[in-house]
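Heads up, there are several structures right after this.
One chain, chain A, links the two complexes that follow: it is found with chain B in the first and with chain C in the second.
Up next, the complex of A and B:
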């Protein structure tokens, strides 16, 4: 069910009144039923995979929890009778069992994700090498699996670390895993926040409803007016790397930057807005990312929940893991700097390789991830140089001009890396990127070139105005949430703003017959 | 309380302005079918009729370009209307007939069988041409549901802005001229006049299925049943044309259907000589459709057939009809002159 479909709006129109009319104690059950409808509407296979995830994670979390309880009971029982070493061995035995349970569950869930993401690629390789077909070759990525697998596995890891207790009711875990707005393109959420909020009773609040409506409408505005419009040109550019080269690539980079921002943030606005409609607060996934002054800052402000997941569950545990500590120790003779850097470098590159792999099976994603990691590490290495520069030219580096320069530099850098997202092969991506420096064809771009991309000048003008509106709103947001300021001006003003948003979507949005209702870009990851 | 009331009034006013603006924009964005794509204007013109009709034609371009109700009245006093449209499919015809029956019950319904070659919805654009002007009711709902092609949705028929919103950035003078103005009719009781002459030429051979689709016959059954329920005589015709081809196998199927249902079937292609149709002078597009001269000849011939077969009343001399058809004839002749002048470069 696309967010941009009548079916979805109808689904919401039925859910919201039902949710608030039923007794509060069964609200979460009603929501679970609606989630089930949403999941099943996307396909039975997806529902089966989700049930497997819920079942395995529930069983594993309960088993881990039980092992903790038994460990505590056993240790208490043998406290007086056993030696310290014996108690340690007992603890280690329980720890080993818990790890086994955890690994088995992770293997099942990441195994499903792996097969769905990489089945086609493995199939191609096996067909090329052995002339055989691989299991999973024909399976397509089912709705939201990359997002709910990470959220649910995050919950399991939290239980494993005893950060949170295991949920006793499997249906409550099912509610968290299947919460429908999160299945389109995330964000990746945590059980102790969203999972708990879903279980709380919620009352209807007109003001919250209006506020949520504004957020949802703004999401649709970005998606239908800007993202879906620019996507036509981006697709046209990416489809013909043999034709669109040179300066077209710069146009492609900038259009894709705007398109992806409008698409992803638009979708998340709708998700967060839908959560708010029901009284459920969902974590923010963006913090004006295009105002970042460096790539590492950008990644703290773009798809925040994915970055945090990797940091919390991969980067930190990996950095302090036994092999890393051993590696650090082993490289001490090469100097303190090297010894300190080796685990950080390895963990960073591994996290970025995984981030790339999470985005897709194409080798371009892996290279994209590794390049991001490399840029971040190089920036870290250059920090002392920057510091010296800042010290020598304090007035320049404090100026708005310099801040603007760093922001534009970051946008151009991340857009350059994103070229890898646009093409099927690494060769195409690099060849297209470097053609910017070997082919000078602004003339072709502006002599009707951009009109050959499926958009009219009016479309570019509308998208341009949309981008300006998004930029202006982001600037305004620095002084506080825009919705709060709208709400402060009263209910009538808020309603007027909502109607203006809906009206402009209806008139300038790309939807209806003749337009491809496109899924959100991040839905394919 | 006073504050809440003020808020409620404010919201209500905002909604009124919003829906008013949307309604105005919907009218602006919707195609006007007046100066361009005028076939789309035909459906709506039926509702402006002031008199009823003894004969109702339903079908595709082979009825709305090949029969002249003006000639039928002036020659025989037969009152008629053509509810036809470009690529009007059989279910469109069924629902147009059903729609017409809300207002009148003709004595004879004439259905042109060419559209039976299509058993599935063909094109969204033609659906819009046929259905945009249709008055809302059960017939329109049925017609939309039967007609929708892949990618279409019912909501966009209910709220046309959802379909035509992209025209807002491509508006023409026509859109502004007929924004709130209805405009003159473009047809003559459903007849679309063409005075040009383009003689018949060689036509391409087409590959065809020897059997007409079953779905088409299912709809034709419905038309026959509707006529029977309302005591209307159904006449099946194949209008004279050279292209698209009308194949003998199809003809035999229609003849068999007509026989089985006890309805008349006239394949007028075989009557060209009797009618006096000359495809060198009576067609404006190489034998696909008739021009006004051909349409008048065909109407003279068919009017006689209808009158003799169904004893249709001669309404000439009845004030209401005379006034209606006198005004129509005047407009008809003026249009003929206008087109002739245009052809002659005047």
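Up next, the complex of A and C:
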């Protein structure tokens, strides 16, 4: 069920009144049933995979919890009778069992994800190698699996670290895993926040409803007026790397930057707004990312929840793991600077390789991830140099001009890296990117070039105005949430703003019969 | 505590670590810095900070970090 479908709007129109009309103590059960309908409507196979995830994570979390309890009881019982070393061995035995349970559960869940993401690619690879028929070509990701697997596994890892207790009721874990707005394109959430909020009773609040409506309408506005329009041109540019070269690539980079922003943030606005309709607060996934002054800052402000997940559950544990510490100690003879950098460099590159792999099975994603990691490491190493520059030229670096320069530099850099997302092979991506510096064809771009991409000048003008509106709103948001200021002006003003948003979507949006509003780009990850 | 402050100053000489209480939330310490810091703490204090303790509240101030180091040292003993 697409967010941009009439079926989804109907689904919401039924859910919201039912949710607030039923007794509060059964609200979460009603929501779980609606989640089940949403999941099953997307396909039975997806539902089966989700049940496997819920079942295995539930069983593993309860087993880990039970092992912690038994460990505490055993250690208390032998406190006076056993030596310190014996007690340590007992604790290690329990630790080993917990780790085994965790690894088994991770293997099942990431195994499913791996097969669905890479099955088709492995099939093609083995067919090329052994000359057999390519197997697994119909394997595809089921709805939301990349997002709910990470959220639910995050819950399990928190139980494993003993930062939260295991949930005793499997249906409550099922509610968290299957919460429908999160299945389209995340964000990746945490059980202790969203999972708990879903279980709380919620009353209808007209003001909150209006505020949520504004957020949802703004999400649709970005998706249907800007993203779906620009996507037509981006797809056309990416499909013909033999034709669209040179300055077309710069056009492609900028259009894709605007398109992806409108698409992903628009979708998350709808998700967060739907959560708000029901009284459930969902974590923000963006913090005006295109105003970042470096790539590492950008990654702290774009798809925040994925970055946090990798940092919390992969980057830090890996950096302080025994093998990494041993490696760091082993390289001390090469100098303190080298040995201290070993954990950081290896963990950063591995996390970025995994981030690339999460985005897709094509080698281009892996290269994209590693290049991001490399840029971040280089930037970290250059920090002392930047600091000296800032010290020498304080007036220049404090100026709006310099800040603007760093923002534009970051957008161009991240857009250059994203070129890898547009093409099927690394060769095509690099060849297209470097053609920008060898082929000067602005004449071809503006003499019919951009008109051949499936959009009219009117479309470009509408999308351009949309981009200006998004930019202006982001600038305004620096002083605080825009919705709060709209709400402060009263209900009538808020309703008028909502109607303006809906009205402009109806006039300028790309939707309706005969037009297939596209799925969100991040849904394919 | 002075030893810890020296390590922190090596990373960011421009920061006043005795008073700063938003080292992570305020963006002074990046994840890169945190891992470098953990490696230095292991070298100087012979203390390994486990992954579960790598959370902003333990790294937001030198004082909080020192309390964590002391807590882990006591557990190890």
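Things to note:
One rule holds in what follows: the second predicted complex is superposed on the first by the 517 of 525 C-alpha atoms of A that agree within 3 Å, B and C clash if a C-alpha of one lies under 4 Å from a C-alpha of the other, contacts with A are read in each partner's own complex, and residues count from 1 in each chain.
One rule holds in what follows: a contact is a pair of C-beta atoms (placed from the backbone, for glycine too) under 8 Å apart; a residue touches a chain by one contact, two chains touch by 3 or more.
The model shown is predicted, which means the values in this text are computed figures rather than measured ones.
After superposition onto chain A, partners chain B and chain C are found to sit side by side with no clash. In the superposition on chain A, contact of A:398 is made with neither chain B nor chain C. Touch criterion met: A:380 reaches chain C, while chain B stays clear of it. Look at A:243: by the touch rule set out above, it reaches neither chain B nor chain C. Once the two complexes are overlaid on the shared chain, A:508 sits against chain B while remaining clear of chain C. Of the two partner chains placed around the shared chain by superposition, neither chain B nor chain C is touched by A:334. Superposition on chain A places chain B within reach of chain C only down to 41 Å, the least C-alpha distance between them.
When the two complexes are superposed on chain A, none of the residues of chain A touches both chain B and chain C. Residues of chain C touching chain A in their complex: 14, 27, 30-32, 34-36, 38-40, 42, 48-52, 54.
Interface residues of chain A facing chain B in the complex, by the touch rule stated above, are 6, 456, 458-459, 462, 490-492, 495-496, 499, 502-503, 506-515.
Within the complex formed with chain A, the residues of chain B that make contact are 7, 10-11, 14-15, 18, 21-22, 25, 124, 151-153, 155-156, 161-163, 165-166, 168-170. Across the interface of their complex, chain C is touched by residues 161-163, 296-297, 300, 311, 315-317, 319-320, 325, 328, 339-341, 343-344, 347-348, 376-377, 380, 387 of chain A.
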